[in-house]
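Below you will find the structure I want to go over with you.
Chains: A, B, C and D, in written order; residue numbering restarts at 1 for each.
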């Protein structure tokens, strides 16, 4: 099972609405089950450096089928996954990446959001992921 | 002057309509005046390898403010720009990348399209670029 | 639809048998529908530099859903896809990469083989791809 | 002395059996004495992001001829090898990489495993490394 472009565009639409509702400007990326980019938008005025971060968050969430922030808790100094960020051409392991599931609870892709605090990034990603 | 997300989304919409009209499945990327990605879509069933090519075509068109195919004519063996593709993390210099201008004829971004023959790629990119 | 590890291992077994039958030593890689590595073997004494080439051939075949040699015919100087090899972190466009299909003729992955002449590489890849 | 493909395949078989026995889905990589990939498998449903990690663990174990977890103890903030992960195109220094020795106690390669907790990753790598 793989996310369709129509589903990805719906997720981006929902994420943009949430971003606007909380007065933020976001980069929003959607990857498919193979961790390859399906859709992306950068809202006007959003941080330029967040472009790559949004894409890496989406990939990281699909690479390990979990929210990116969970990995970040384990990759701290002394943690069991310390410096895992050096793999896969660079991971981003703070919040803002969330897997996307279909009605059968199968992971079909992931969303990554970057442009504000990690709390806001996660809230916008969650809004996108749950819009399906 | 810089392309807005709304303009980029309109260009993608026009490009998708053209792609569907000529029965192709395309990857479509829009970059801004700084050659940074603004929006991207991969149509269902489009070649996976065209993801990177569409983005590189858009960047190449903005890097040099001309259609990508023009650069490709100069980058042939013996040509004045032989193997320019080695620069900028990899250029794509065959047709499918087109600058996007505003009403004052200023370049505000570029579109890159990949997924079919280079003639089709260029036609879809042109449809997107002229939609503004 | 995605290739399973059992299918990938069968394809590698068939490819190894063909490689031995024609007295060659090969690197053999299988990627899934998302172009991510599923299985790989390097036969004893096979060229070390063919390791990366076999993986790139498999990816290239899945990226564009065709035999790699077809792309190489179009990427020559003056060809419509000249220097496409600069995309996707490096393509290999000479023969030896072949898509793998299931019984419904859907592409579920690809095989890449490197270690001898391109004719031999292709013959071994074909043996693997058709073993399913 | 260098690991043979037959030995690598035996190590992978033993590692897969252990992975199944403890109900995990693993990426398993074997490198030779030159730290170059010999064999790899990704079990169905294993994390996609663990593909690169398994290979990097195997390389790291052979690069320094020790279990990866030992290096990770020294690469912490303030440690003598702080951020050694930046070398060699990216190291992975948490458990799951183990050198492979022959009967004369000579190192002939290494195994890297990723897909579960680091304790499980190490247990599966150990099962593969000691199977020879």
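Heads up, the rule we're going with is that contacts are C-beta pairs under 8 Å (C-beta built on N, C-alpha and C of every residue); 3 or more make two chains touch, one makes a residue touch a chain.
No experiment lies behind these values; they were computed from the predicted model shown.
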Based on the averaged CA atom positions, which chain is farthest from chain B?
D
Just how far, in Å, is the C-alpha centre of chain D from the one of chain A?
29
Rounded to the nearest Å, the gap separating the Cα centres of chain C and chain D is 25
Just give me the whole-number Å value for how far the CA centre of chain B lies from that of chain D.
42
Mind pulling the residue numbers of chain C that touch at least two other chains?
34-36
Please categorise the chain-chain contact pattern as a line, ring, star, complete graph or other.
other
Applying the document's contact rule, which stretches of chain D touch chain C when the two form their complex?
4-6, 8-9, 34, 36-44, 48, 51
In the complex, the residues of chain B that touch chain C are 47-50, 52-53, 56, 72, 75-77, 83, 85-86, 90-94, 117-118
The residues of chain C that touch chain A in their complex are 32-36
For the complex, give me every residue of chain C touching chain B.
34-35, 59-60, 62-65, 77-78, 80-84, 86-89, 91
